[in-house]
Amino acid sequence: MAIFKTTYRVMWSDIDAAQVVNHSNYFRLFQRAEEEFYEYLGLGPGFDYFTERRIWLPRIEVFCQYKAPSSFGDTLEVSLTIMEIKKKTVKYGFVVKKKDTGVLVAEGYVVAMAADKRIEKAINFPSEIAKKLKAFKKCARM
Amino acid sequence: MAIFKTTYRVMWSDIDAAQVVNHSNYFRLFQRAEEEFYEYLGLGPGFDYFTERRIWLPRIEVFCQYKAPSSFGDTLEVSLTIMEIKKKTVKYGFVVKKKDTGVLVAEGYVVAMAADKRIEKAINFPSEIAKKLKAFKKCARM
Amino acid sequence: MAIFKTTYRVMWSDIDAAQVVNHSNYFRLFQRAEEEFYEYLGLGPGFDYFTERRIWLPRIEVFCQYKAPSSFGDTLEVSLTIMEIKKKTVKYGFVVKKKDTGVLVAEGYVVAMAADKRIEKAINFPSEIAKKLKAFKKCARM
Amino acid sequence: MAIFKTTYRVMWSDIDAAQVVNHSNYFRLFQRAEEEFYEYLGLGPGFDYFTERRIWLPRIEVFCQYKAPSSFGDTLEVSLTIMEIKKKTVKYGFVVKKKDTGVLVAEGYVVAMAADKRIEKAINFPSEIAKKLKAFKKCARM
């Protein structure tokens, strides 16, 4: 199973009054890893590939378990895997660890749907993307 | 089953470039409903009751399904229920609807743990809170 | 000078690790007051009036002085005034106080420009809006 | 005048419904540059130096002019300078440019105050920090 990894340095504005990264911000981290993943697949910069085609990837289901707090100054390693690809949806798996100690911070998944922004309806993933996602899913660990 | 309801008006800064409330922000909405719920239980304002006792309620698991987008100008009704109370954890259920149309926007749950901020360890919920949560869970629909 | 007032209850996610509302969030509060102000002027809900006409109000200059911290559980009163209207720009003044004590928390201003989203250029404020803003500026204190 | 430079890649969650980085987020960028600056001065990681001494640097005044929009996928270069050091305050200057084109995006300043978190009062900057800030201010362009 291929894994796409990226790192993120926790900013002051990511942490809340409990001095730890607010739980909602992990979903922003996941989204950022996804952004970088599509760029890695050659579909960037930004979501240019998607916006040019008026394709949008709204989330339809998310889940996260929090295992250890992370705080200001931590560098986090976020790993993305493709857990499942269907015609209209993709399920990403995410694992967040502290980069220096390897401590598991959080793990979860996000299911996103391909949608046409003009008609606001689910569509099949364009074959070009589906191919890339499937190839990534199959390829050996990077 | 008792339901605690609150409303929230979507701000410009809640919505992302897809013109809809960013999926991560629903967890902020859930947290806000929880804040107001504890105030309703007489433990507010703010989390005063908790901070005075150095009790902290870190999230250990969250889940959300997104059913329809919401956008700038919408007023959302957020319902909170107590799904389960254990010695050290509480599981809240959340349902988000558009207030004027009743359209289901999102539903999910959040499991929070009672923890002592000084020793950073899980603790039993203080009996006073446990009682209030159980009483709320049992009481007839409000 | 007319003053438009609105209130906001500080959420957990507004405060940062110093236990106070993060300074950047006051600009979100200002924006929220502006949203409600346009709705008060009959141009809502949301920014419907503006989006239908592809008008956009990007900020070109902002300023804020912080006088006292505010924290979780505080209810803030945000006052908006029209300090200046020019052909293409409007300067809003903002004052934030704690609602229960009247303590001054922050004051500042925001200069926004009318722009056409299609051509990404500054435009004159539509006369309908300019009239409403000028009328509000002149009217006696509400 | 010495300049400390850092870069930031705009994330989806930084941009608002107008498809551009929300104006309030530039203050988060400034804060992030400040964080990295103190780390560069040997006072990191995080704000460890400050938190250990219960010193806090609340903002007392901020200003920003927005010159051009930036959006998802842009890499921004944030430059920090020390404009002024007084006994209890420091004034940072910030300039944000697009890294690849050099286009000026925003410029502004932030005045922060040294404060003792326990007594919630302004204090003199510890001499160690004051020396480092003054040395940086004086040194030739890096």
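Each chain gets a letter, A, B, C and D, in the order it is written, and its residues are counted from 1.
Convention: a contact is a pair of C-beta atoms (placed from the backbone, for glycine too) under 8 Å apart; a residue touches a chain by one contact, two chains touch by 3 or more.
What you see is a predicted model, and the numbers here were worked out from it, not measured in a lab.
Centroid analysis (C-alpha atoms only) places D farthest from subunit B. Taking C-D and A-C together, the pair of chains sharing more C-beta contacts is C-D. Averaging C-alpha coordinates per chain places the centre of subunit A 28 Å away from that of subunit D.
Chain centres here are Cα means. That of subunit A falls 34 Å from that of subunit C. Centre to centre, using the average C-alpha position, subunit C and subunit D are separated by 24 Å. Listed for subunit B are residues 12-13, 24, 28, 31, 72, each touching two or more other chains. The touching residues of subunit D, when paired with subunit C in their complex, are 18, 20, 23-25, 27-28, 31, 56, 58-66, 69, 117, 120.
If you check the complex, the residues on subunit B that touch subunit C are 11-13, 28, 31-32, 35, 44-48, 71-74.
The touching residues of subunit B, when paired with subunit D in their complex, are 12-13, 15-17, 19, 22, 24, 72.
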